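Here it is: the structure, laid out below.
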Amino acid sequence: MIIPFHITEMMRRLRDRYTKIGLAQQMERRDTKFRTLRPVRNATPRSIAAYWTRLGGDPTPIADPETIRQAATYSPNIENFIGTVKVPVGVIGPLRINGLNASGDYHVPLATTEAALVASYGRGAYAASKAGGISTAVLYEGVIRTPAFVFDKLITAGLFVEWVVENVERLKSAAEATTRHGTLVSIEPILDNNVVFLICRYRTGDASGQNMVTIATHALCEEIAAQCDVLIDRWYIEGNFSGDKKASALGLLTGRGRKVSASVTLSGDVVAKCLGTTVDAMLDYGRVANLGSLLSGQMGAQAHYANGLAALYIATGQDAACVAESAVGFTRMERRGEDLFCSVTMPNILVGSVGGGTGLPSQSAGLGIMGLQGTGHGPALAEVTAALCLCGEISIVAAIAAGDFTNAHEKLARHR
Amino acid sequence: MIIPFHITEMMRRLRDRYTKIGLAQQMERRDTKFRTLRPVRNATPRSIAAYWTRLGGDPTPIADPETIRQAATYSPNIENFIGTVKVPVGVIGPLRINGLNASGDYHVPLATTEAALVASYGRGAYAASKAGGISTAVLYEGVIRTPAFVFDKLITAGLFVEWVVENVERLKSAAEATTRHGTLVSIEPILDNNVVFLICRYRTGDASGQNMVTIATHALCEEIAAQCDVLIDRWYIEGNFSGDKKASALGLLTGRGRKVSASVTLSGDVVAKCLGTTVDAMLDYGRVANLGSLLSGQMGAQAHYANGLAALYIATGQDAACVAESAVGFTRMERRGEDLFCSVTMPNILVGSVGGGTGLPSQSAGLGIMGLQGTGHGPALAEVTAALCLCGEISIVAAIAAGDFTNAHEKLARHR
Amino acid sequence: MIIPFHITEMMRRLRDRYTKIGLAQQMERRDTKFRTLRPVRNATPRSIAAYWTRLGGDPTPIADPETIRQAATYSPNIENFIGTVKVPVGVIGPLRINGLNASGDYHVPLATTEAALVASYGRGAYAASKAGGISTAVLYEGVIRTPAFVFDKLITAGLFVEWVVENVERLKSAAEATTRHGTLVSIEPILDNNVVFLICRYRTGDASGQNMVTIATHALCEEIAAQCDVLIDRWYIEGNFSGDKKASALGLLTGRGRKVSASVTLSGDVVAKCLGTTVDAMLDYGRVANLGSLLSGQMGAQAHYANGLAALYIATGQDAACVAESAVGFTRMERRGEDLFCSVTMPNILVGSVGGGTGLPSQSAGLGIMGLQGTGHGPALAEVTAALCLCGEISIVAAIAAGDFTNAHEKLARHR
Amino acid sequence: MIIPFHITEMMRRLRDRYTKIGLAQQMERRDTKFRTLRPVRNATPRSIAAYWTRLGGDPTPIADPETIRQAATYSPNIENFIGTVKVPVGVIGPLRINGLNASGDYHVPLATTEAALVASYGRGAYAASKAGGISTAVLYEGVIRTPAFVFDKLITAGLFVEWVVENVERLKSAAEATTRHGTLVSIEPILDNNVVFLICRYRTGDASGQNMVTIATHALCEEIAAQCDVLIDRWYIEGNFSGDKKASALGLLTGRGRKVSASVTLSGDVVAKCLGTTVDAMLDYGRVANLGSLLSGQMGAQAHYANGLAALYIATGQDAACVAESAVGFTRMERRGEDLFCSVTMPNILVGSVGGGTGLPSQSAGLGIMGLQGTGHGPALAEVTAALCLCGEISIVAAIAAGDFTNAHEKLARHR
């Protein structure tokens, strides 16, 4: 049979289920009336109650009294507020970091519902700290927005680029007038015939800066629209080019957010005692893992950055959707004499110590555990993020190399 | 100057900061002693208190009384438990779905700290529901694990594949003996000279199934190790090939988790009234967005699946790290007469109505809002996920096409 | 200046050049009359002469007497024939191959105009042969075509897939009726909402088979169009999905054409004597090269397959455009005790010992040098191709590791 | 059966063939003696004859008298010269181009052994010329080399980058001292922890410039090695980062070689009369083709650039291996009122009107047909290349949209 089995099987199961009722009918549009929820921007105990009346069920797990009391606190971060979901937090550390920006021994809060994650990262942190800590550096920073401008033809697009080049200082002023902390550091035009994308790259201070760059770029575009004497057909604030909220080759190559590198060299002794395996075993697996990454068409090569990223982003009020773009980069493991050099280089870390959800009560407390809450801590937070991911890489590579991976998951997820 | 400005600038800033203290010294390993946190698997009020004594600061935002009281409930999902982070939840709907598995009008809870997200998805849901609802179908399901086997040479690897082919029923039995709900639906060997990856694909019932497939595949590998007469150098439960927790071409092509398609056709009237723009404006932008996606090297082409995914995954106890692999797929918009056909096809949706964090109090309540808690709802939940993402795509494309995108963000994030 | 220098520089140069004449005018359409060349399918000395009268210049280098005499021989492979371009051929070898299909010591003809290429491949072949030869195996074969079928909606697309599954034997018959040597080995449907791609995979005997699979798939589609009771909006013989003539993740993952692996283990002695470097130096560079490949977003990881492929494809009458899809794969180098294990695995080798340009006089002689001309040699030719590419990888890695790369190119391209 | 059929089938066929003889033995190394070919750099009639004595067979098709006579002419371009392979050439045109650099009506020689290729490109050229010609522009130029420098750790790598920034003018001088025509236009450092890649980008005048940039970059690296006071562990002339001879995201994004855009707007009438289809039919197929490209993980989205590229590169003495990197880019088709706008943007065109194989007799004559031989024609040649590829895209999209694709191939490949 030349049709793959899983497809014939799927068809059979579907057919079994739908011989009687009409499949087609089930998927038809339905025009019966419905009553949409009333949008609420400024949540109050009352608006919350009104939603729950409509939703039914027991509101308590989500709309607990303390949450209801703090409705106004949450309100700037969300619409149609009905309460909070409680994500369990575990802590690891101290994680020793010797970085350009982060320096010291950090306890790191991780929010997750996946058993074994905290234990695994904790183990990696222990090994890395025992080895003298992780060196880190922000190599580069720059959040990008890429507005798109459409023209009638290529030649007009070219004249537009010339105008932008000549008026770049004016555009920089317009963009920077919208923000106290943002700086426009480069504009790079990319042409596809009559369409021009402008890669606008910003430094964003201590904030993650996604909104900041949107607003600044909007002002930049408005300035262009008002002043440019080249006829623009239409323009868009984002040409879906920046890699916002998604893995992209652009992000991989030039970075979006902060590009951070973190490394540590583990002695054979640390590998044996803290990780229960050997340098050779880890290197052997590392080569296979690298091959798997290449053969399956991943971007970069790494094991599970997303686990550490999601857990830290949620625990500290970062934008969890950015895990999609941040979970890209390169993990390297190499022999250095009898020791194991390990590094991660992550080009798209999007974190802030201010802005976004960082000021909400529990998220702010999460940052507080690391001493990285508020102004002045953005770069350090980015370095902690990379160091954390390195711990996760070390731990999972050791676990798979040693054959422990499944057992750890079975044991820790035991009660479910 | 032929060095890009952002690099010279970065160097200058660094040099300004570090002329006096030694950069190198700052990044050196430090071998002072440290005291690691004691790992805790079974959290108690006492273990939580002990952690906070160590961490310092006010524990209340994270370790509130209700959370402490439920320590045992959270414990199977986390190690080193210190409390919960409270992520605000907004609700949208009703979202009308006419699907193979999901059928009805759903209220959907979204957990996020990003202003404008809930409003934007809500707007899309309203438009889609006004248009008669979204048709959805799970096209395919299969979570994969890809163990790797290493041999001395190619010929041995070939003999191993032959053994696997001949013993496939035995392997299937071994794998399925570990699970009540999982079914092994295919094994596909991929060779790179002396290394063999086995793509083991499973149906996982109502669960997301990541742990299930790990355990089943481990058993399969143990069976191979015990029975196979071809000399295996070493094997690994995962060859970093499956795309677990990361965007990959494999996932894009063959799917990992559930592959779901969702579509709706919006009349020009709905586009005008609910979205404030026109079919042509949306199509015009769609072409540019598609170009941006291609030019910047994204996988698939879509605007911001990650936003809806992260918000729904967190609100319902899914594995938020899987956003990295789920946020991949194809959004299409096409003219149909005077109407606008819109679809998303998402090959890697990893959700479950049971297992993982779905049984925790607030997460379970989150599923309850949709009526999709517990056994029997996995496929429907996957379809709701895709429908939700379609709403987000419709809304953002309309906003950017109409020039509203920045304003919406400025207004809704106003208080910060 | 925040605009990259190369862009401002480009603009300046353009402006210098075009201040006087009108840039816009230069790029305007021109509707003056022109006389198109008369198409010629069956070339004759007379038709060749007629073309040259029109083209002007000295025809001799292209339209030499022998070429003109053989016009009818060339005619089935080309339209509007005006002569031949003479590509210089160098020979390397013997290259020892111990393969599943290729077995023996091969002299390999390489057609190129790039100095140093033949010398470099020759050096690699010498080292590999000294080491006992290269083991090779065709792991897999299958040229694909992927027709696309468009429907009104998802549900209809689903019903179509069901029809295909139920009628697969009939479709196989229809496809195979068009060919003596082709076999349809799988049909895999891929859905994106209302669009269905059918990945039709064929074995093509000794031919490369691109035309064979087009014709067979056309017949398959015609059979569907004639028999299927599901309403098809429209269909296309190729949905631009197969990866024909381009690098693609699909090709990387599942192969298109023949997937071949080749490996050899070089002793430290061979590395030193034949390649002038050491095992460690090659491994050290190999790691950096692998990193470069990943960081710059290549498909797979290899150094310069394209050089060997293009040279062999041209010398033996293969389709040189297929270099675009064939030049993808994985080169591995690993320490084995004191030795160096080297392998290539290439999933998309498209070669034939019959068909295409293989029967032309000099191309046929090219195949003849290897003893691989005509029926029965397709798989062996594929293995020689992979072995050749392995030689190139070994040689270039050694050259760059040893610092010889530039010198070799300078010396060999000396006269130009 | 959960193992895919094509795999079980492959195994069965292999087993059938190898029951008797030992598979393992067949693939073992063989250490019998062999006599390697003596390398020859300066070919003579005698050296050619010596090779053929060794190779056996009739030398005439490859070593024809004229080729033997010109041995010294071919010698700088090849080692171990044994003759020439004759690749048939067809001509199309006139192709009208209204470009920044190319301007006029061009006859274009195409060397290929694939029937239908010349006819198809000729048809596209006719349609484009009828529509007033193709507008073209070189948007950007820059061939890159990316040497890699390895250090003991991140901090040292950082100090190295600082040194490069401070000494950039000295490095530029060192690089440019090696070449009359090359200019170093940018150096961009990319760090991965302790490894630094320097993206060195050059303008290369009329040459393709691959050797030029290698030599210039080698000098730049030697200057660094001699002068830099930061301790370099080791360095490599190419870190496998530049995308030389392979498709890469870097090339897609920033270009390698010349980035050229070409466009034409076809009236409905031209589409009907020259291409036998309609604007709508082409747009309908274009959307499906674009989807196929995305779904199968291609870089960019286009139909078959490689066909035109390979044929033109071979006919004009370009490096045919560069087809692997050049065959990447974006084809767009959009409705403009009743007309069809078509464009290609190709970021990696590597062609020269001087250097490489362009001075060989028939290749030089190939360039001569277009009037683009020798100094001053590099940019124009790049624009002709892009225009040619646009013709191919128009023709194949029309053929597939109209359902003619298979017939054309069947008819034209009829004699074989």
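Order of writing sets the labels: A, B, C and D. Residues in every chain begin at 1.
In this text, contacts are C-beta pairs under 8 Å (C-beta built on N, C-alpha and C of every residue); 3 or more make two chains touch, one makes a residue touch a chain.
Computed from a prediction, not measured in an experiment: that's the story for all the values here.
Colleague: So which chains count as neighbours of both chain A and chain D?
Modeller: B, C
Colleague: Going chain by chain, each one touching the next, work out the least steps from chain C to chain D.
Modeller: 1
Colleague: Give the chain pair, either A-B or B-D, that is connected by more C-beta contacts.
Modeller: A-B
Colleague: Over half shared or under half: which fits the residue numbers at the contact of copies chain A and chain C, same or different?
Modeller: Mostly the same residues form this interface, as more than half of the numbers used are common to both chains.
Colleague: Give me the superposition rotation angle from chain B to chain C, based on Cα atoms, as a multiple of 5 degrees.
Modeller: 180
Colleague: Between chain B and chain C, what is the gap in Å from one C-alpha centre to the other?
Modeller: Averaging C-alpha atoms per chain gives centres 37 Å apart.
Colleague: Give, as an integer number of Å, the spacing between the C-alpha centres of chain D and chain B.
Modeller: 38
Colleague: From the mean C-alpha coordinate of chain A to that of chain B, what's the distance rounded to whole Å?
Modeller: 11
Colleague: Can you tell me which residues of chain D touch two or more of the remaining chains?
Modeller: Within chain D, the residues that touch at least two other chains are 1-2, 4-7, 14, 23, 27, 135, 137, 153-155, 158, 185-186, 190, 192, 249-250, 252-253, 290-291, 295-297, 299, 301, 330, 332.
Colleague: Considering only the defined contacts, which chain D positions touch chain A in the complex?
Modeller: By the definition above, chain D touches chain A via 1-2, 4-6, 135, 137, 139, 153-155, 158, 190-194, 249-250, 252-254, 261, 263, 297, 330, 332, 343, 345.
Colleague: Can you list the chain C residues touching chain A in their complex?
Modeller: Of all residues in chain C, those touching chain A are 1-4, 7-8, 11, 14-15, 23-24, 27, 153-155, 158, 161-162, 164-165, 168, 172, 184-189, 249, 252-253, 287, 290-291, 294-297, 299-301, 330, 332, 334.
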